[in-house]
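Dropping the structures in below, format is structure tokens.
Here subunit A shows up in two complexes: once beside subunit B, once beside subunit C.
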Partner chain A sequence: MTQNTNSSSHPTASLHEGLSPLEERVGRWRVFVGVGLALVTIVYAWAVVQAPVDSSQGIIQKILYVHPPLAYGAYLGFVITAIGGFLYLWRGREDFDRLAVSGAEVGVLFCTLMLITGPIWARGTWGRWWSWDPRLTVTLLLWFVYLAYLLLRSFAGPGPRTARFAAVYSMVGLVLIPLNYYVIEIFDNRSMHPDNLEKGSLGDGMGWPFLMGNLALGFAFVYLLLLRWDVEARRLFERRREAEQDVDQ
Partner chain B sequence: MSYLIAAYAVTLGALVLYGAALMRERGRYRAQRKSDSNRRPTN
Partner chain C sequence: MNIALAILWKDLITEWRARDRVIAMLLFSLLTAVIFYFALPDQRPETLRALTPGLLWTAYLFAAILGLNRSFALELENEALSGLALAPGGRGWIFLGKMAANFILLSLVQVLTALAFAIFYGIDFGSSIGELSLTIGLATLGICSVGTLLAAMAVRTRLREVLLPILLLPALVPILAGAVRATLSVMAGEELPFSAIQLLIVIDGIYLVVSFLGFDYILDE
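And now, the complex of A and B:
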């Protein structure tokens, strides 16, 4: 008996440890992203410590350097999920579907952290953890939509049918991102949540740490995405290999 | 100050733990493949 006797039954069995050429190539960038992350994180920590203390909110305002970057990471994760889903439907390649799952998981992690850091900030400034204002409500809805995506994939198991449905679902869910971003303006600034940041809206000396926060969490996002993509490929490969061994026995 | 520390600690802790869990899982799969490739064919 030889290994991979049923290799023709699935396209990834003959690939190196289940990784597609694209996944192998992109995986090599992870080292450079990791080095960049380490360097940027040091500068980020220094920038946050050095950032001026806000005259009205006090030191708690420094949550600004982590909360919006987490939101952008969450948006990016869900956009990558939809792009991966679209490419899967278009090209039929499993590695795009694995990218979609990875984007959703890292996006949900960032969205969860945004939903934790936001209430911490709110408690310190508004005096309460949560308010059912438009921005917070739509953010919670966004989190539920992509959490449901992950649950759907987890319960339904791997397969082309699940992947196709998940791809369509992720593209529909994307509608919530512009709604989430512009909901404050849609509700005519009646939201408790501050307005979206614009150029020049930050105080003196706050732009630099904000930029570093976005860079550091951007690097962290890309690093985790690439790592999760790699693990997803290996996980499916091992599952299939075990299934083949069970059949052979 | 405690709210600020909590926000950064939760974020850093969650990202590091998630990354470590992924690295561990990846290491397990790689070790499995290595052990499979070192195993003598049985036929």
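And now, the complex of A and C:
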């Protein structure tokens, strides 16, 4: 990465020390994604405003343009965490661990927003904030799992041991997703949650705002993931620099 | 395999000499049974019978968490955990030994707790003892496998006793769902529901494999 032997006198050179080639590019990617996010968000906002008001549900139906994309982001974040954890255990590369923690944090953010927007819609449509519906139950449990994941990381402090603990726990979290669905399939298969969109539940003129919602929140997800990843990588740099200063003194 | 047996033997002997963990777990689950009695809406026999499976399993889970928390506490002294990590052979076998010890101790507590529920709540477990034992055994295997893995992690963090239930309870929800469902059916005099037993077997298999493999990364020198 750098040919300098005396890296402490070249802060920009030592910034990249210990970072993987992948991470050196993260900052640049983030700029492109950020520009895309800004453009898409403008179109998205306009699309949501001009989308027709649903004849039976009223204005509350517009949560549809936010809620499902948040759900996709949440699950994507948790899958990225598990993949990052698995790759870390397999290859032992620290950048995969930094990717894993980024996925968990952005996933928890998306999942929290999903758990807030969902009940608002449910109150307006079902007449109550919560139902122990399969999808709601599984998502809530998953939210707890990844909060526990973040808590585990913070209680164990920085270091390779924490990374290993977290990676193993993310494997447990991953197997819990199908297991919980299995539990619900067997015991409690009464679902109130609307079906997926393949079944044509979107009215006229609602398709493309929904598409824009997915696009905008997809961009937001990638942007936040890269931002968080970059922050984690810079933290490593900060720790190294502090350690170097300690040695110099 | 020998390592697993050696660890199991060591844990059982230590517990036999001190007898602190089992007694703590047992007292705790008995107290839970008493507290539940006052938390119930009324004390009619049918209410007690309807709620017992859920209460019993809640008491079991709490007792399990209490016991699992102490499972590795002793190993922290004199860096015994590092010694274990250096033992020849796979670390998965260490996990199996620890898990088996937890399983035996928890099963003992469960039997005595069930007796207490039978006496306090006027429940007759005797007519379906075989089905009930199968259910409890399968569920406890799952609890102890993922519980031992997570206890080994939690014990080496700050606030260790606090962290274990937060890590463990989400993973135990599927087990609890299957175990309560099976216990409800058995206590109502129905046949053991195959779907619940199947679910418990699948969970046991998955948790055993994940914990056996994962333990390799949890122990370090």
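Throughout what follows, the second predicted complex is superposed on the first by the 205 of 249 C-alpha atoms of A that agree within 3 Å, B and C clash if a C-alpha of one lies under 4 Å from a C-alpha of the other, contacts with A are read in each partner's own complex, and residues count from 1 in each chain.
One rule holds for everything that comes next: contacts are C-beta pairs under 8 Å (C-beta built on N, C-alpha and C of every residue); 3 or more make two chains touch, one makes a residue touch a chain.
Given the structure is predicted, the values throughout are model-derived calculations rather than measurements.
With both structures placed on the common chain, the touch criterion links A:G124 to subunit B but leaves subunit C unconnected. In the superposition on chain A, A:M171 contacts subunit C only, with no contact to subunit B.
Touch criterion met: A:R161 reaches subunit C, while subunit B stays clear of it. Look at A:L141: by the touch rule set out above, it reaches subunit C but stays clear of subunit B. Applying the stated contact rule after C-alpha superposition, one finds that A:V183 touches subunit C and leaves subunit B untouched.
When the two structures are aligned on the shared chain, A:V231 is found in touch with subunit B, with no touch to subunit C. Of the two partner chains placed around the shared chain by superposition, subunit B is the only one that A:I116 touches, whereas subunit C remains out of contact. When both complexes are aligned on chain A by C-alpha atoms, no subunit A residue touches subunit B in the first and subunit C in the second. Contact residues of subunit A toward subunit B in the complex are 1-3, 17, 48, 59-60, 62-63, 66-67, 70, 109, 112-113, 116-117, 120-121, 123-124, 220, 223-224, 227-228, 230-231, 234-235, 237-238.
Taken in their complex, subunit C has these residues touching subunit A: 146, 149-150, 153-154, 156-159, 163, 166-167, 169-171, 173-174, 177-178, 181, 195-196, 199, 202-203, 206-207, 210, 214, 217-218, 220.
In the complex of the two chains, the subunit B residues touching subunit A come out as 1, 3-4, 6-8, 10-11, 14-15, 18-19, 22-23, 25-26, 29-30, 32-33, 36, 41-43. The residues of subunit A lying in touch with subunit C in their complex are 89, 141, 144-145, 148, 151-152, 155-157, 161, 164-165, 167-169, 171-172, 175-176, 179-180, 182-183, 186-187.
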